[in-house]
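Presented below are the structures under discussion, each in the form of structure tokens.
Two complexes follow with chain A in common, the first pairing it with chain B and the second with chain C.
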Partner chain A sequence: MGLNKSRPIYEKLRIDPQGRAHLIVTDLEALPQDTIEANLALSNIEIWVVARIARGIAASPSGSRAFRSVADLLSHLSFHLAREPVGLRLYAAGTEAFLWDVANTARAAGLGKDEIFLTQAGSLRRRVYCTHCKSMNEDAVANIATCRACGARLFVRDHFSRRLAAFMGVMVDAEVPNEIPEIEVIYP
Partner chain B sequence: MKARIQNIRSLSATIKHITLAPDAEDSFPAGAAGAFILLEIPGPGRVWKNAYSLVSGAGRRQYEIIVRRVAQSRGGSAWLHDHAEPGQLLEISGPANLFPIARAAQKHLLLSAGIGITPFLSYLPVLQRQNAAFELHHCCKLDEQEVFRPLLPKAPNITLHGSRNSLDLMTLLSAQKLNTHLYVCGPEAFMDVTIAAAKRIGWPDAKIHEESFGGATGGASFIVKLARSAMELHVAEDQTLLEALEDAGLAPPRMCRGGACGVCELPVLGGLPDHHDHYLSAAARAAGKSIMTCVSRAKTPELVLDF
Partner chain C sequence: MNITLKPTETFRGDFSTRNSDAAILRFPFPFPEDVYMYAVNIEPHVPGGPTEAFTAAFDIDEHYIGECHDRALTLIDDPARCQVLPHMMEAEWDTLELLMESLAKDYPTLFTLTKDGDIWRWQNHPLGIDQTFSFGQPETLPYPPFEYITRQVQGDFTIQDHRDNNLYMDGGMVTSQADWSLNFDLGMSFHEWHGPVPVAHELGVFDRALAYLLRLQYGKPVRRLNWTLTVNPRLDTSPENYPLWGPDKATITPENIREKMCLRVELQTLTRLPRSNAILFGIRGYLIRLEELVRVKKYAKRMHRVLRDLHPEIVEYKGMPRYRQMIIDYLAPFDDGEILSSGTQPDQTSL
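This part shows the complex of A and B:
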């Protein structure tokens, strides 16, 4: 897996001291402490989390904001980045698909490589792009996924597209129809 | 490549606009916005090689440059002011570009001072044609306002600041959004102040673009020892380290001759460099392990280079 050049390499979350202000976003309900090497008590750090079904929104600590869903968070992020003055550093922590959704949102807002930092945390589940019907399939945990749009049985490749924020899925039984290898959960 | 001086126009007592035309060919190679050429200027017993930004992007039938007579000129700009005449042939090279318009930028903030306006004069038609979002703030001395005003198109996003206090740098920089790239060109002090201010508010390095030719103003003489060439050379007060190497028949790496491109970097084995370039990072300057021979000199009487 380490030989696959399309797989990004992630680092622990560190605050860039060159930044004037810092925004950390995660698709988890709280920041994963084991992936953080930073003093989060600094004053100019804001944290956005996804607390599904409005759980814990009222209880979110100061400097932190909770969103109902990833989509909700990303749409607020896009709005926020278009208005934020220069000097912000953006950090994303969470599942790989989320990291690249954030990176692509940030890039569209004009942020460059040295203003965005990505830390993988939580589940290894994959977003799979069906290379046949071009649909996205969320939360694949096994080596084989079924495309929800066209029904193809997809082999989940290690080939990751940063632009699509997804792994490539190719029909697993293209050569011999219905010959499907054993299905194993490998991305828990 | 040979170029003929076609026209010389005085913009002020110390600033001249010079038009060059190709001698043999029909046209010059195209230079994109931000490009510069190197002009070989004949002097008594020597040749000066100075970098000048092209001030018009359009047209390959001619190159236009603007030259300020530098007070401590080692000879190059003084010759262009005192001896250059239409019809004369000069050797030129280039164009090269160390200061292109950043394609990724959604907005461009251009800050210049004095003669540092020159690369931006080639940017303006391009940015205006692309309908790009940009702001230009040009700072100059009060008595030079009327020199620069005619060079700048009248537009709400182009501002001429004729005194030190009229540009509130911190407010301007702090108001910029995350989609903006900063471009800075001007004298060393202006560059230093502007870039330091931008960094203080968290501007990322990759969005700060800078160019400043100059710094090759001479200084105290010193001895340079070349470890690999087994030579010892004297660098005169009015000579650059690079020129001393070239005069000794060596062919050290070089390009812009203005401390901007980084090509002439040589490793330092002994002595302390006196850095005047805009290429090395603060950490690399402090480490003193390499030197830009085109503009930098020595703080110690001797410098040992791995060359």
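This part shows the complex of A and C:
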């Protein structure tokens, strides 16, 4: 157990036996098997993935469904949860920003903390919030990111907001322009 | 309390603010010992303490008008410095009531509160405000209640919701912060918003502090001091505006350090609110230039010892590697090695 800081601690995906139905969503093209400890053949489990192709894939009888993009999936999720009676358990597996987008969508739809389960999987890349211009920057993999909205070079602080589903980015060379530490890929 | 308010002062641009002799002698110096380390240094917030700054529930001093003006300027640039989540409306009224009642009681010549049932009249004489409104009805005020009153009080404020055996920062007025962002931290739990602080997590400081605060009782507020260093007496050292104040840090030289380098102290108060059961966290900031601070002999000597022996991670976190040695070099000649009294009282009554 790590120290209790702003970084959430994630666990492997396990099916909550208290649930009546189970929806697993991921921003990957398929569920990452190495982070799952569950029997996914059960009939009351539905799986949503992101195919990243314009045509998408029609719902299959087995309850698996592919979406064109993460935004497409989140949009469907909002509608789906608004119609779902109690007893659903929602599981998200994927990048940290996706997990908290899902969690925030679910909380807005009225799901409680105990009905949402998050499992980090795939890339460690970070969504970075530019503290100066309030823009979000996706897919940062290094200690320094460039804000595509205002051009600031941002040091990615190890400080995470679940509400914004993003890490804090603060200008790295504010004190002396262009005095920038070596750029290292640390969130592959 | 007798105070003369300065009519105009700036905390940006030409930084015209200065501390009078009285302000220096009432400054809440934060180091009771020669060595500093994080601790749960919380004590009851009762009237009285090592200096006059500890006398009132919410301290007002000679910089009142200038600080309120500076806050208004910051809010024009960035209204997100004041945000309260919608479920906190009861805590907003609790805050307004607490601040108005405390100010009117502690500073009767500056503030007057008159109640006729739910119809309240608030007179803020230094700012020329005379407002009649209905308590509990936000539409009768020009701003939401929390913003309305915190625009008229020195220092930052946050309100913590108490639920799930934790505290959540669900609102705040934050325009004079030491490098943390309300817009980023809004909604975080106690350990989340303290995430970036080094060393203290490992010491268990936050676990103990949270356990203590969850038991905070109505009518028994507590206080603690925190500190950092700031270049120029600038209130808005926010991460949002780091591109504006960051360059100041590279302007420090051995020649100008006495004037430009400021010790920034936060007199933090925590008060349980009656209706919402939320906790109001007051972060009352004080800035003093080194050349003002060294006029108190004990403070010059102790400040020298604390900075000289400071834990390297704290040096880093408080953003002082660039100029720490210059401060030590400036302070060293004031320190004759004399054994100092413990505690933070100035040990002199005039300068």
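One rule holds for everything that comes next: the second predicted complex is superposed on the first by the 177 of 188 C-alpha atoms of A that agree within 3 Å, B and C clash if a C-alpha of one lies under 4 Å from a C-alpha of the other, contacts with A are read in each partner's own complex, and residues count from 1 in each chain.
Here is the rule we use: a contact is a pair of C-beta atoms (placed from the backbone, for glycine too) under 8 Å apart; a residue touches a chain by one contact, two chains touch by 3 or more.
All values reported here derive from a predicted model rather than from experimental measurement.
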Partners on chain A (chain B, chain C) - clash or fit: fit
In the overlay of the two complexes, what angle sits at the CA centre of chain A between those of chain B and chain C, given in steps of 10 degrees? 70
Once the structures are superposed on A, label A:9 by its partner contacts, choosing first (chain B), second (chain C), both or neither. neither
Could you look at A:21 and tell me whether it touches chain B, chain C, both or neither (first, second, both, neither)? first
Examine A:83 and indicate which partner it touches, taking first as chain B and second as chain C; both and neither are also allowed. first
Overlay on chain A, chain C to chain B nearest C-alpha distance, Å: 8
So chain A touches chain B in one structure and chain C in the other; where do those two contact lists coincide? none
Seen from chain C, its contact residues with chain A in the complex are 80, 181, 183-188, 191-196, 201-202, 206-207, 239-243, 245-247, 249-250, 322
Within the complex, chain C is touched by chain A residues 3-7, 129, 131-132, 134, 152, 157-164, 168, 170-171, 174-176
Report the residues of chain B in contact with chain A in the complex, numbered from low to high. 104-107, 173-180, 199, 201-207
Tell me, which parts of chain A touch chain B in their complex? 18-21, 81-89, 109-115
